[in-house]
Structures are given as structure tokens and as C-alpha cells.
């Protein structure tokens, strides 16, 4: 309704929305707060925690203990790499499904999604053996391949829903204009789908960044990303809340910041064609 | 578009994706299937032998199996219920005009970016720990005995943690869907004398149906394989109170290194997942077409 | 020599992490060897290294493994034997109980980094306030009385903290050891599980009573770390756990009760076995590694007397890895710095992995059964006991479930014909 | 039953004043059409009457009762939206039933009215379809059906035909007019289509930037537009407006001659000119005429379809003197 | 350069036979318009010519060469789509340059042609804008510009004006006609708009269900429709078709009289009737006449705007005898 919203009502909504927003965000906020406390202070009652001294000591310890930069870099390479590779494979597939649909298109799409339901724990050993034999254990390449494969269905689906919204006439126009299929994809389809591709990329980076099972099990030292970094803080001896908070903050901050800056794209992409 | 040339091109274009996924599915699946009929324990090399259905009968008759099955369904169902209902309500709230919309949206979306391991660690230690956790402090401040979430209500606690991670996802999709609702329809309903509640029930909710299906589909895919949250918080316990299928297979296959049994479990899980998948696809198929 | 890189998988325990900070010394002595660390939480580590060694994945050159794995792996030829260690390493200095656990058919398959048993740690101030005095070798009876006397739930002081988190290395480590002192055992000589015995029933009943009445809330998810945090923050009157904890609870930087901690041997029931276990974290080299020489050099260095001296120099004697060498306990400086040293040594020596129980058993291992199936069975039984602690099932139910599932698994594994 | 009075009604969106004070009375049973250029406030005015927007000041009375603060549902009006705003997830039957369901009417009464509306609108065969399965014209009828069953005291239509193709529009236009004849209910109708306005209205309200330029019957506006704006706006093709000397000859700043009021001859006449594009429609031919010596813009002339003229021909135009409209400097009719 | 011949071309989608065998020749430089009811296959035919669909059988020749299996880009045709299908992410300049870039033309030649096209189409000021920043008419011109620079042997237009509002359509219609005059290239134009078809075409092709009903110049079709379908389809308002006795009097199964060929009198005439709805457009009035005694459907009559008739009046109609169309039982012209 375009009728004027009374300020009173707006105020009530504002209070409610902020309360909910802060409640949902609170665990993250609290983690960040604890990361700036000493171990001893971190387990005190909330009021004492807030009034205690602020310190960078946990960050210093974490930094000293583990090679954050390397884990971070591995995470970046793996998530970007798998996203890029995924796009290269998925764009043609999504083009085919969106613009030359056949009777089986829907089924193929659903089948692709169903491959995501394969429980990873059930197939770890076979994959491990295969990776061992081809020498992909503890390599970024290996992880890029696995993450590409597990996220490919999602990428294909997202792109498919995006491409379907692009009028086929434009591609036909390109064809009339003498564009080959390759040029049609590179010069017309891809740039037009940029918003969709952007959100696909974002979601995929998030999924790849947070994937903890394969990244942990197929790496040792060289290719280990931030998920492995976290695994070394999960329950050490002694007080660890502050160190855990610091490590957690360091692990999630990059993706959180990226997500915040690009949330518009992300939100649009997340709708999976659910919203027309 | 439908010329012979373009159809041929389409087949070429789709084949890398299809072949890769086929490989990704078939190769491990075939190996898993093969292993599932072997007595194969990593710790006892050289003793592999064919055992027929042994692994299956052991896996299926394990009392933990029924528990895991129930827990899996409860976990998926519980999280879906909380996130969709919560998502709709939150979506409705955030759809209203208010001050600071952008910032609140950022706050709400944040949990989606948090690694499952991290979120489980944070909830377990900083919040649900019955001695040093925030909830314990809150209970004590209110003069109540601290509640031990992870041992008294392990599955519920995990449902809570997982819901926290997925609520933003549901909220965002549903919020976007709400925003896409044709205002004319709401106005028409208003002219037709529908109260706010009726407008929600008869106009908004049906409009959201499609988005809700997508939320359910995507979340189910991810929720069926919830693992890190359980490993970090309860290790599937106490007893088997929070063991889901994925975790059960993990225990069989990676804790005991009983690849044979784990594979049998994997096959069972794949079958179950596909039953769920078929069910979902049916529902989606209908809802996505329109 | 050209530079080699070795990858070391290790658990995220304090002593290991300390070693990572002292690598400068190693690098100086061996500039041609670069060490990459993979630090993981215990359960994850165990799963990763076992999987890697069993499949010959070759991702690690040195693995941190426990006394449970060494005999099994050694028997299968998965580890490089360490029989050719130089004279200067002084193998004979290693405590016999520890060394015995790492030896298969006369060959040493891993070098102990630190060893531990379990003992009672208690708060002297609270004990005093309760008007009691802890003997050096308490009985379970005494422990129960003391726990009752010290508990003050209003002030968040709990008489006793014990492991409750499910896992063969968590609650089952404690409970198996406790059961030993109650005269119970895992299997009889025919590998028949014994959870239907009176002894197990007594063990579990007493354990549950202790924890329910005098333990902290949420005990069913407490492992070593959780209990350590509780004790350090002054919430426990007594804690029966690994001897290595002693250095943490007496460290004033971390512990609010550092100067009030006393030690005693693990309790017994007068049956000749105490409720303490034996464990060591060891460094082993998987067979087939490309960098065997470099790996050996590292293992030798990390478990040597020189390393002990290095830690002592940099971090003080209280922080050296304990429980592996007799020479450490002959060192007066250490004994002065570590008030718990004597008790640790005695505890270790009191354990006998070959004869862990009152009645005879077919297996080796104090708080575990050194067969490959044990990890799974132990954890499953641990789940049942943890459920009993959480109040979800009764002690009887938990025991009968444990009996059933163990029998099932042992039958499947072919032990029970 | 359906007299609507606007009394000094204004509306601003924030700073923007969309409707300046405006008075208007719509009599019971009248068919009133709002026309005006895009953005002039037609929809806003309609929505103010419907109650979907609050007035900034002034009063709206319906049948004498002050309705200014009544919620939309209480005003007893029904609205047909440009997009129809059908409920996509409900069948046609449910769509039509919705307002009655909201009003809590008994089921048999609902059925009676649905059947009556459906047969009146030729929808009986489609009652169980969803809107998505209907053609544009059918959808439009459903929207009307939903409005009819409420037995409103007035109907509001916001460009209800603009989404339809030309052929369908003609048909629907007639149907709405029939409906008006039959129900004899007040109808307020917004359109930017000339033909619709001229053929449907009892009374046309010409708006520009929120102001009412003229109110009158279609032929009143056609024959005596009050000013140049109305003159240019009403009639198709547009009236030719000539300035300068010719206008001065008629004692005006501007004169206007409609294309259909110019006689064409190839031999003699008042104004010589040259044919540009000739559009042959069969029944008529529209000539776009250049070089007439007045202003730069081509003049449009309507001639008989049989007239043999083509591009480039020299012709002579003679205006019907009684049909010349004269305007002063302010653009007002003289 | 631009002679297109279809030889027994058919097209089916799966089971559905959309185009039965069809022969058609389009001469070089002709402006051909395809009209027909919705779904009759106009777009399909155009897309077959363009090469965007494969023919099911038959042959398409362009300038004598067999083009049946040529890919679209090779046929040397340019197409303007209903939605214009501009590339939204490219500036106007890039849009126009795209086909030349694909053809690998040298940059300076590209620039030359772009500038020529832009100045011809009045787009010079907009070359650096994106399509999203242009009005509908401007977008249409860009689409044409993109087509022009390829110097195609023929242009194909698929309802290019149907997305524009009425006023703009008139303007663009004239521009396309100008363009045709200037370039003298073959143009094939699909529309369902009467006026467009009548005013633009050299030759109209009337399609029904994939069959060609008639091919001829606009006035040919208006004056001598080959059958009832064409008679009813061409001309607005529609021709009145009368059956039964009146028709028999003229020795036909059906006779047709256009609304503009009926004289109306209030006193005397051939056919007595009663006025239903009277649509006053000012310039004309369309009377919907009932009770004429022939068939049930009302007849439409066009009378002068000044004629004082109203709903319910009795009138008399007299057809112009020379303008009566006669059809036999099969609906064919006699």
C-alpha cells in the first residue's frame, strides 16, 4: 500500500527489526568481542567480559602458532578456482538447457541436483584411493576438482534459471548478425547474464570456502585451507575461548566482508528463479 | 532456435557437465557398491573377502540405524519447519519500511557466511556450555539452574544451531519473493474487503509457495548431509540421540575404518536420499513449472 | 645435501604446539630439512593418519600416534622400525612401561614424545575447608566422601569432575581404567564381553552416582579439555585425569587455582589394581615415506634428551614433555620445578598394559583393548554410558546395550565363534 | 447510490504536489472518463477515490457521506486494475468468490452470484481454470466479474484495456458499455485511448498536471474545446493548429482545423500544398501535406478512400469555415 | 539483390503441422506484409526465411541460390525483432557495430557505416548510451541501424511496432516507409495491425492456418477480396457479411457490405433497422445496428460525425450497389 506509513508504526517495526537483527547477529558479535579478551576474562560472566580489558593477545598467539596466510591463500585459490572451473563447464550446459530445451532437460537438471545428495562420508574412501593413485592428495588442484564437482549442480541450476530470463530473441539476433556459437556465448550471453553470474560466483565461493569435509580429508599441509586451520583450534588443552574466537574471526571475516559488500547480487542470485 | 545445428551444439555443450557429474557419481558409487559386498577393514589389510549381504544386514539391524533414520528426518524436518516459518515471519517484518533496513539486512544475512564448524564451535562453547556459556550465565542471572542443552536436548540443540545458519537463507529468498508480489493484488484484495490476516493467508502465502519449495529443496540437499555440527558438538550422543545417517556412516566407516560396512551404509543413505529426492522433485516439478 | 620437506601430523595438545615454537633450534641444526606441520584435533587427527597409513596415501612423513595404534600398526608393518637409533639417543632411558607398549616383537616402532597416566588432582584449600585430608593412595570410598563434602553447587563448586563425553579415548578411557580397579574387564579369555558382570554394574553405578550428585552440569559432553577449563577456573574439587594436566593446573598464567592443587594416585578398591591408565603420544614414521632419513632425524631430535633440555631452557622445567624418560625424573631441577613429577612417575609405573585387570584377559592395554575393532566398539559403548550420564537411559539399560552391541561386533569380527 | 463528490482534494507525494486543489462531482449512474497525458494524475485521482491513497487535504463524499477516512473495503466501490490483479493461484471461481468470502456471504448466495456473473460475462466454461490459462480478454472479464459480484455503488477502471490487442479492445469496449447500460451503476474509467474516451463516456474529464482542463460530453469537447490543449488532445488524427497570418485573418492567435474538415481539390482551393506520404486505409486516405506555407509541421488531411492522390501531387485545401476553432494568445477558445 | 522464393516449404513442430506446402515469391525491392490471425504462422514463416528454424521440407532460394541449409548469418538477411533484441550491455555504437565486428570488417569501415546509419536514423546524439537509456522509438531505430549496416539483401520485421504506444507507432511507421523508399531493399514485415498493413505494403500476404489466402496490393485486397476470410480480415471496421434471402437476391450465398458503403436515412431506404450503441468519435460515428432482419449479429455502419442519431432510433440503410461483394457457398468471390 502506498499510503503514508505512520511514524509510530515505522518506529515499532524499526525496534522489532533491529532486535531480531541483533539477536541473529549476536553469536558472531560475541565471538568477535571474545577474540579481543584474554583467556581468563573470556569465560567470565557477560558483564565482566564487557568491562574487562581489550587485548590483541589471542590474535598474536594464533598468528604465531599457525600459518594463517597460507591457509587463507589456499582458501582463496580453492574457492576461486573451483568457481571459475565450474563456470566454464556450467555456462555451456546452462545455455543448452535454457535455450535448446528438450524433453529431458528438466530431468537432467533434477538428476544433477540429486548427485548432491550423495553422502560424502560414504564415498570418502574410494575418492581417497583414486586421489592417491593419481597424485592429487594434498594439492590445490585436487580440491578445486572436487569442489567444482560438488557445486556444479548448483551452479548449473542457478545459471539455468538466470539464462531462462534472457529473451531468446537476443541470441537469435546475434546469430542473424553473424555471431558463431562461441561469439554468441562470449559476447552476448555472458555479459548479459553478468548479474546472474555474479551471484552464482558469490554463492559458490561461500559454499567452497565453508566446505569442511573434503577440504579436511584430502589435504595435509600444502593445500590445507581455513577449515583445516580451524580444526586445530577446536578443542585444545586449557582455556581456549579467546583463541578459538580469534581463529574463528579470522576464518570467517574474509567471506563475511565479501558477502556484505556484495549482498545485493547475492540476494538476487539466491532466489534460484524462485522469484519472478 | 530449434534448428538441427543448434540442437547438435546443445548436446556438445551440455556433455562436459553431464559426463563429469556422471563420472563423479558412477565411479565412487561403483566402488562403494563393490566395497559394500566385501569384508574390508582398512586396519586389516589383506583380509578382504566377499561377504554377500553381511554388511547390509549388520548395518540395517544395528539399533543405531533406526535411531539415525529418525534423527535424520527430525533434523531435516525440524530445521525446515523453523527456517521456513521463521523466514516467512522475518520476511514479513523486514518487508515493512523501517529505519536502517540495509544494516539490519546485513545483520540477518551474516550467519549464512559462517563455516558450519565455526558456528558449531561457537554455539557449543560460548553459548550452550552449561558452565561458562552465555545461556548458563543468563539462567544463573535469572536464578535458574543452568540447562545443559547438548546433553539434555542434543538433537534440538543441533536443530537450533543448524536453523541459525539457514534462517538467513530462507529469510532472504522469502523476503525477495514478498517484494516481488504485485502490489495491485494486495490492493485488489484490500478493495475486496480482506483483512491484513486474510491478505497474508490468501494472497501472500500462496505467492510464496514457489519460493518455499525452492527453500525446501536446497536446504534438504544440504541438511541431509549435516555432519560437522554433530561432530563438533555432541559426537552423535549422548547414546545415539543426535546421530544422523551421515554421522552413523562416519562412525562405521571412518572411526572403525570398516570400509565394507561404511559402504553398505553409504549405499543405504544414497537410496534414502534418492527417495527423498524423488519426493522433492515431484513437489518441485509441480511448483517450479508454473 | 639438498633440502627435504617433511610433513608432520600432530595433535593440538600444548606440548606439541610448544614444539612448533621451538623449531628454530632444529632448523639451525638441520638446515636441509624443512618441517611442515599439520595440527589437528585428536579425533580428526586419528582418523586422518589412520586412513593415510592404511591406504598408503603418503601425505605424512611423521605421525603423532598413541599407544593404541603403535602395536597394531607395527604388527602390520606400517611403521618404520626405530631399532637403529644412535647410542646418544639412549633408548634404554625410556620408561619400561612406555617402551613396552611401543615394542612389537622386540622392535621399537615409535618414539614416545610424552607419556601419561592418570591421577587425582584436587584442591587443597577446599579439602581443608571440608576438614579432610587426601591420602597419597585414596580409595573410591574416600573419593565419594570427599566429593560430597566439597560440593557447593550454589557457588558453582562441584566436588568431582570426570570425563563424560562419549569416545573410546574420552569417557571410556576413564571408565575402563576405573573398571579395572573394580575388578571388571572388557572380555574374558574367550573374548566374551563382560558388561553383564556385577563388577561393571558397580563401576557404572558408582560413576553415575558420583557425577549426578557431585559433578558439574553438562558432564556428558565434558572431555579432557572441558574439565581442564572447569578445574582451572576453580569449579572442581577433584579431577581424575591425565597426569599431563598437572602442569596446566599448576601454571599460574592459566589457572586461577595454581597454588592450591594437590595430587594423589588414582583410587582403588583394594583389589590390587588402581584406576589409572597408561598413554603416550608418540612419533612414528609410516613405512614407504619418501623422506625416511629426514623423518628419523626429526623424530630423534623431538624425543631426545636435548629437546627436553631445550624446552627447559626456553620455557622452564615445568613445561618439558613428561613421562618418557627415567633421566628426567632423576633430574633434581625438574623435580623442584614440577611438584607433580613424583606422582606422575609412580602412576606410570603402577600401570601394566600386559596385565591390566584383576582377572586374566586375552588383550593388551589398560584403558583400551589393542585390537582394531576397539575404536568403534569403544566409542559405541561410550555413547551408551554417556547417554546414561545424561539420564536418557538407566545404568542397566546402558550396560545391556553395551553388552549386546559389543557381542554383535565381536561376532562379526570373528572373535566369538 | 453512487454519487461521488471531491471537495478541494489535494495530494502530494512528499514534496511533489501531484493534485492541486480539485473539485469534481460525479453523478449517480454516470460513465465518466478521465483522460490526459501520461503522469497527469489520472491513476492517482482514481486511487484517492478508491481509498488506496490518503488525500493530503480536502474531502471525498460518497452518496453524501464523508468517506475521506474510510478504508477502501468500506467505500462500497469496486476497482478493475490495468493488470487485472487477479489472484494467480485461485481458480476463476475462487477469484470471483473472494470478495464475497471476505464479506462472509453464505455459500449458496455466493454460488448464485458467481453463476449470474459468469453467464453475464460468458465465463461459465472457464470457471475452473486459473488466470494463467486464460486469454487477455477472458482475464479482463474475470476482473470485472470479481467487481460485479460485490454489487458496488461505483466501478473504477484504471486503463483496463491497455494490455489487450486492438481487436479485443473493440470487443471489450462494447461489453463494458453494455454492462453500464444494464447495471446503470456509476463508472469511472481512466484511459489514454482517444477512441475509448469518445465512445464510452457520458462525461470526459481532461486532466493536465493534476488540473482539470475541461469537463463535458465527448461531442462538447470535440466541437468546443475550451483551449488549445483540449483541442489538440481530443480528436484523431490531431487537429491541425495554425499560427501567424492565417490565424490573424480569422482574428485569433491560433486557429485549429481538424483533418476531416479540410476539403481537397486538385484544381482550386484556398491553400495550395503538396502531398507527402499518403496513407490508404481503403475506407479513408490520410494525406500528410507539406509546403502549405504556414508552419513547418505537415498538416494532416482526411480524404475519401477513393480519391486518386499520391506522393508529390499538388493539391489545394479549403477549410470548412464553420469548423474553424479560434484561440487567443493564452490558448483559450475565443 | 533480394529476391526470395519459397518452394513447397512446410514446417511442423513435432506432430503439429504449422505450415502446409507453401509457395511464395518476393521480388527484389518489394515491401511485403504478412497479416493473419494470431497463431496463423506469420512469425514461423519469417523465421524459416531467416534460418532461425529449419524447414521440414521444401526449398528456400535467395537470389536464385539454394539457402535451405544455410545458417542464418550466411543468408545476408537482417531481422528486426518485436522486442528489438538489442544487446543491453553494449552502447548503441557497439550494438550497431556488432554484426560488422562479427564479419571482421576493418575499424574505419565500421566507423563510416555507423556514422552513416546514425545520421540517417537521427541517432548520432545517442551513440554512447545503452539501450536501457533510450525511449521505445529510439530503440527501434537502433535495431534498424544494426540491420542497415550489414547492407542486407532483405530486411525481416516481426511486429516491430507492437510494443510502442499509438502516437509513436504512427511516426515510426512513416520512418520505415521512408527508409524503404531510400534503400529500395526488399522488406518483409509481419504485423497484425490493419493500418500498418494497408499503408506500408506494396503487397500483402494474408495467411490463415499456414495457408496463403490471398496475395495482392492493399487496395486490391480492399476492393476485391478473394474470399470471405480476406473480406472480413481487411478493412476496419469489419465488412458486414449477410446471408440468406438478401444474399440470394444478389445471386450469392453471402454478400458483404463495408460499413462505409452503407447510406443511412431516417426516413427511407432499402433496409429498415434500429440503432444500438452509437460510437461518436467526433469525425465519424459508428452505429451498431440491430433488428435489420438478416442475421443476429449487429451490423456496423459508418456515418458522418454530425449525424444526429442515438440509441434506439429507427433508421434505413441503403448499400452502394457497386460496392457489394458477393461470395459463393465455399466463401469464394463470385
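Chains here go by letter, A, B, C, D and E, matching the order in which they are written, and residues are numbered from 1 within each.
Note that in this section a residue touches a chain if its C-beta (ideal position, glycine included) is under 8 Å from a C-beta of that chain, and two chains touch if they have at least 3 such contacts.
In UniProt terms, the chains line up like this: A = Sorbitol/mannitol transport system permease protein.
None of these values were measured; they are calculated from a predicted model.
Novice: Need the graph distance between chain A and chain C over the touch network, please.
Specialist: 1
Novice: Please identify which chain has its centre, taken as the mean of its CA atoms, farthest from the centre of chain D.
Specialist: C
Novice: By number of C-beta pairs in contact, which two chains lead?
Specialist: A-B
Novice: Let me have the rounded angstrom distance from the C-alpha centre of chain B over to the C-alpha centre of chain E, please.
Specialist: For chain B versus chain E, the centre distance works out to 56 Å.
Novice: Roughly how many whole angstrom separate the Cα centroids of chain C and chain E?
Specialist: Between these chains, centre-to-centre, one finds 90 Å.
Novice: How far is the middle of chain A from the middle of chain E, if each middle is the mean of its Cα atoms, in Å?
Specialist: Each chain's C-alpha centroid was found; their separation is 53 Å.
Novice: So which bits of chain B are touching at least two other chains?
Specialist: 1-2, 42, 132, 187, 190, 254
Novice: For chain D, write out the residues touching at least two other chains, lowest number first.
Specialist: 52
Novice: By residue number and range, which residues of chain A touch two or more other chains?
Specialist: 1-2, 43, 125, 129, 172, 231, 233-234
Novice: List the residues on chain B that touch chain E in their complex, please.
Specialist: Listed in rising order, the residues are 1-5.
Novice: Where on chain D is chain E touching in the complex?
Specialist: 165-167, 170, 174, 177-178, 192-195, 198-199, 218-219, 222-223, 234-236, 258-260, 277, 279-284, 288, 302, 305
Novice: Which stretch or stretches of chain C touch chain B in the complex?
Specialist: 43, 47, 50-51, 54-55, 72, 76, 156, 164-167, 216-221, 226, 229-230, 233, 235, 372-373, 375-377, 379-380, 382-384, 386-393, 398, 401, 404-405, 408, 412
Novice: Can you tell me which positions in chain A touch chain E when the two form their complex?
Specialist: Chain A reaches chain E through residues 167, 169-170, 172-180, 183, 187-188, 191-192, 194.
Novice: Which positions of chain E touch chain A when the two form their complex?
Specialist: 50, 52, 71-73, 77-79, 81-83, 85-90, 98-99, 102-103, 146, 150
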